[in-house]
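There are two complexes below, and they share subunit A, which is joined by subunit B in the first and by subunit C in the second.
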Partner chain A sequence: MKWKKFAVVASLSVLGLLLAYAIGEMPSFGSKNTPDKLHVIPRYLQKSEEEAGAKNIITGVILNYRGYDTEGEVTVIFSALCAVVALLGREKRRLSRSGVDAAGKPTSVIVNTVVRFLVPIILFFAVYVMLHGEDSPGGGFQGGAVVGASIIIFTLAFGLPKSTEKIPLGFRIPLESIAVFAFLSMGFLGMLFGVNFLTFILPGLSHELAHTVRFLMLSFIEVGIGVAGGIIFTSIVFSMIREDEYELQPDLSQS
Partner chain B sequence: MNFSRIFHNLNYVVSAVLFLMGLYTVAVKPNLIKKLMGLNIMETAVFLFIVSTGMVKGGYAPIVEKGVKASEMVNPIPQALILTGIVVAVSTTAVALALCIKIHERFGTLDASKIPGKEEI
Partner chain C sequence: MSVSSFPILLTAIPLSFAALCPIWGMWKKEACFPWSVAGVSATAFISWALVSKFSAVGTIGYKVGGWAPPWGIHIRIDFIGMLLAVVISSAGLLILIYSWRYIVHEVEEAKIPYYYTLYLLIFAAMLGFSITGDLFNLFVFMEIFSITSYALVAVSGEGKALRAAFKYLLMGAVSSITVLFSIAFLYSVIGSLNMLDISKRLPNTPYVVVVNTALALFTAAFAVKAAVFPVHMWLPDAHSIAPSPISAILSALVIKMGVLGIFRVVFTIYGHGFPSTSNLWSSLCGFVSWAAAFSIVIGSSMAIIQRELKVMIAYSSVAHIGYILLGICMLAPRGMTGGIFNIVAHAMGKACFFLVAGSLIYKHNMKRIRELRGIGRTMPVTAGAFAIASLSIVGLPPSAGFMAKWYLLWGCFQKGRYVFVAMVLLGSLLSAIYCFRVVYYMFFTGPRLHTQKVDEVPPSMYVPAALLSLGTLVLGIYSTPLISAINKFVGSLPVK
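== the complex of A and B ==
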């Protein structure tokens, strides 16, 4: 064990020296004309609003210039949910009727009151972040993370049975796949009009109308990503919470 | 090696230190949850490093507004990439935690050195 630690520290210090050498060779922090700011970057910065249809250039990059990447990312998070559910199963529904853990964890009155007061406000903020991703800091994933956080706070304060009552499984299952669905449907919509997959400017429409349609399509994808992200995080946390052990081993719960 | 430059690139130095801390945790700590924490620290270090490369001194956020020139904005590509990276990191962490739960159910321990070998499963 001691030898292992020594070997690890030695190899890490070699790696640290190599990293320090690399940092010494890098262009200084915050300089303007480093290689990573050339090539496509000036074009993204100057033309993003007309080409990608979003004032927030990051949203434009994510949904338009690199739409394929984001679609893969949506698939990754959905696959993560699939893997977690395959390993652990969904939350145990029968327990919410058993009454064993309906008594709840001993959270204090202060925590419960503050959570009950804060959760609607957090959800409201999440909707704002999702819908304003086009022209201000924000976007689908960020809003989805805030949605998931608010639901998880509620679960921690009030317990799993109560929050599965509020957000039942039948409500979550269709929403979990809505991001993939939104991406694919909007992508194939372009193909129906005779342009490439994930092209948001549809031919055959007047200039003004095409831009409005593109804005609506992008917003649909953003909201889809946000809702699905939040619900997927919620589902993952729900299937990880193990309150059923109280029922299987009643001695442990009393001690 | 240019020592004065190392002190100018403080963000990169911090991210390298975080990376080494995370790697040390992954290599030395036997507890699987602590290994996961180390992995997440490493991911954070990489995110910090890549976002820092896009920084421009005195630059503006890459949002088109009146009075902000495109040449004064920071690089949007690292931020977009890291947004993707954070989501992937969360996904992998979720799967790893689920595996940890299964390991704890089967062996009753999260200590990697105490988990018995294959023949005993």
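== the complex of A and C ==
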């Protein structure tokens, strides 16, 4: 065993030294005129607003220039959800052995009241973050994380039965796939108009109209990512909560 | 939508079917199977339609979002991408049809919609991985098929399956993060993510160390995904414990993605020869071919000593990845032909093996090789499919596996690597032992009563297995078109 541990440490140190050496050879952080800043980035910096339709350059890159990658990333989140559901099942089932153990325990009046006040405000902020992704920091993924956080806080304070009552399974399942669906439907919409997949400037429209349509399409995708992200986080947490935790003390969360 | 937009449909169709699959499952669980068959067969149709276009015009490109290559993502279907897309979509369809009756056996009813969703996702991700021309896009699709395959290994929910999936997850996650590291290294000094653009800009870069590190890390990481000898430990567990259709997908297709990753890095990106990296490049190819040769010998010897059928088949996959990578990394033209041909031959043979093993589990819950006595008489189609496929896995004429090994040995002789010749022959001898032992138990032992009735699995299970095994024969007999196409492709690569 000792020999094994030594071998692991030795090989990891060799790898670490190699990586450190390679990082030392990289252009130093933040320096000007390195190859990565001279090739594709100038076009993103100068033309993103006009070409990609987003004042926030990062949004322009992730939704428009490299939208196909983002479609893939959204699919990664969706596959993570499918993986969790395929292993643990949906909530209200006795299959899982791990999870958020503390969930569903009765909390104090103070916590309940504060959460009751906070949740709508957090959700409101989430919508702001999603919709303002075009011209300020934020966007769908961040907004979705905030949505998920608000629902998870609510669940921790009031227990699983109460939150599944508010957002039932039949409501969540269609929304979980809405991000992938939003990307694909916008892509197919472009193809119906005869341009390539995920092109947001549709031909045959006037200049003004095409820009408005592009704004609407990008916003639809942002909101889709946000809603689906939030719901997926929620569903994953719900799957991980053990049922027997709240069965012991049914109605204490009301008090 | 014209043929020009077909490349994107290869991923867009299965992804949209996957996104809607849980919603169908909410309405009616039985609807998920026809729904996914519709998606997968539409995709298979499109991949075959692309073949006819490919043979007319050659490499097919598609600009996603209409952006020109270095700025946007470019889908580029070259020969090996096209080949893998056809193999994935055709084998994927057969395995999906097989899994309809089988999966009820191993997966709880409530989880079945998610089984089909994960299946469509892994299918779409492998197609996207094969056809993309963009390095980061490659990583994104690699993440999707990795995550879905961890989940699919564990989908039965048994403790053993969870442990195997966790082992697979640990190794796979390290390899994924290594790929991401290498992409970051490469991007920081090249400034581009498009593979062709990178390979054009590589010769002029002054950051030789960074570029070399990226090459070494890429190769190591994809070697884990391909399960070559020193890093193959996850494969036997994961592939033998997963539900049989999933074992078939993993062994026939998913490990080929690691091979394709190595191919993309070594040939598409770094292959166009420039002095600063060529030293490391050729020694890396030498290293990988030695590792591949060892996985042939070690995989085959481990397969011999197994008692369980599926574990034996899984070890045989380690050996076959060795044949493929030995062919590709030996840098001999004929060997390369053999390696690429073996991707197809092994996909069909190994998928058939796992489907047969699954049928035996489904019908009689037989897992050990000794229990298979006389199965050839009660399940003639299933056992016959195994026997024909084992010709290809061993590499006997007239099967496809024979052509693959023939060209591989030709390549070894071209390069004068007689050690590799010996290792390949030894591997074939060992594989004859482990395959024909099973065939022997199936056909030549057990009660010789003629009163035994034929008791087959449902047709949806034996037909895919039989088709795959016939495929190995047909491909072996009519191998000329594919071989000449591969030879033409190999001619464009930097191997002499």
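In this text, the second predicted complex is superposed on the first by the 228 of 255 C-alpha atoms of A that agree within 3 Å, B and C clash if a C-alpha of one lies under 4 Å from a C-alpha of the other, contacts with A are read in each partner's own complex, and residues count from 1 in each chain.
Note that a contact is a pair of C-beta atoms (placed from the backbone, for glycine too) under 8 Å apart; a residue touches a chain by one contact, two chains touch by 3 or more.
Bear in mind the structure is a predicted one, so any value in this text is a computation, not a measurement.
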Checklist entry - Overlaying the two complexes on subunit A, which is it for subunit B and subunit C: clash or fit? => result fit
Next on the checklist: A:187 in the overlay: touching subunit B, subunit C, both, or neither? Say first, second, both or neither.
Outcome noted: second
Checklist entry - Now for A:236: first (subunit B), second (subunit C), both, or neither, which partner does it touch? => result first
Next on the checklist: Let me test your reading of the model: by the given contact rule, A:90 touches which partner, first (subunit B), second (subunit C), both or neither?
Outcome noted: second
Checklist entry - Is A:110 contacted by the first partner subunit B, the second partner subunit C, both or neither? => result neither
Next on the checklist: So in the superposed three-chain picture, is A:31 touching just subunit B, just subunit C, both, or none of them (first/second/both/neither)?
Outcome noted: first
Checklist entry - Once the shared chain is lined up, is A:66 touching subunit B (first), subunit C (second), both, or neither of them? => result both
Next on the checklist: Quick one: is A:41 in contact with subunit B, with subunit C, with both, or with neither? Answer first, second, both or neither.
Outcome noted: both
Checklist entry - Is A:135 contacted by the first partner subunit B, the second partner subunit C, both or neither? => result first
Item to check | Closest approach of subunit C to subunit B (Cα atoms, Å) | outcome: 5
Checklist outcome for this item: Contacts of subunit A common to subunit B and subunit C in the A-superposed view 19, 21, 25-26, 34, 36-37, 40-41, 44, 66, 69, 73, 76, 79-80, 83, 87
Checklist entry - Which of the residues in subunit C come into contact with subunit A in the complex? => result 1, 5, 8, 12, 15-16, 18-20, 22-23, 26, 62-67, 70-73, 108, 110-111, 114-115, 117-118, 121, 124-125, 128, 134, 136-137, 140-141, 143-144, 147-148, 150-152, 154-155, 157, 162, 181, 185, 187-193, 201, 205, 207, 209-210, 213-214
Item to check | Sites on subunit A touched by subunit B in the complex | outcome: 4-5, 8-9, 12, 15-16, 19-21, 23-26, 28-32, 34, 36-37, 40-42, 44-46, 48-49, 55-58, 61-62, 66, 69-70, 73, 76-77, 79-81, 83-84, 87-88, 135-137, 139, 141-142, 229, 233, 236, 239-240, 242
Checklist entry - Which residues of subunit A touch subunit C in their complex? => result 18-19, 21-22, 25-27, 34-41, 43-44, 64-69, 71-73, 75-76, 78-80, 82-83, 85-87, 89-90, 93, 95, 170, 173-174, 176-177, 180-181, 184, 187-188, 191-192, 195-200
Item to check | Contact set on subunit B toward subunit A in their complex | outcome: 1-3, 5-6, 8-13, 16, 19-20, 23-24, 27-28, 52-57, 59, 61-65, 70-71, 73, 75-80, 83-84, 86-88, 90-92, 94-95, 97-99, 101-102
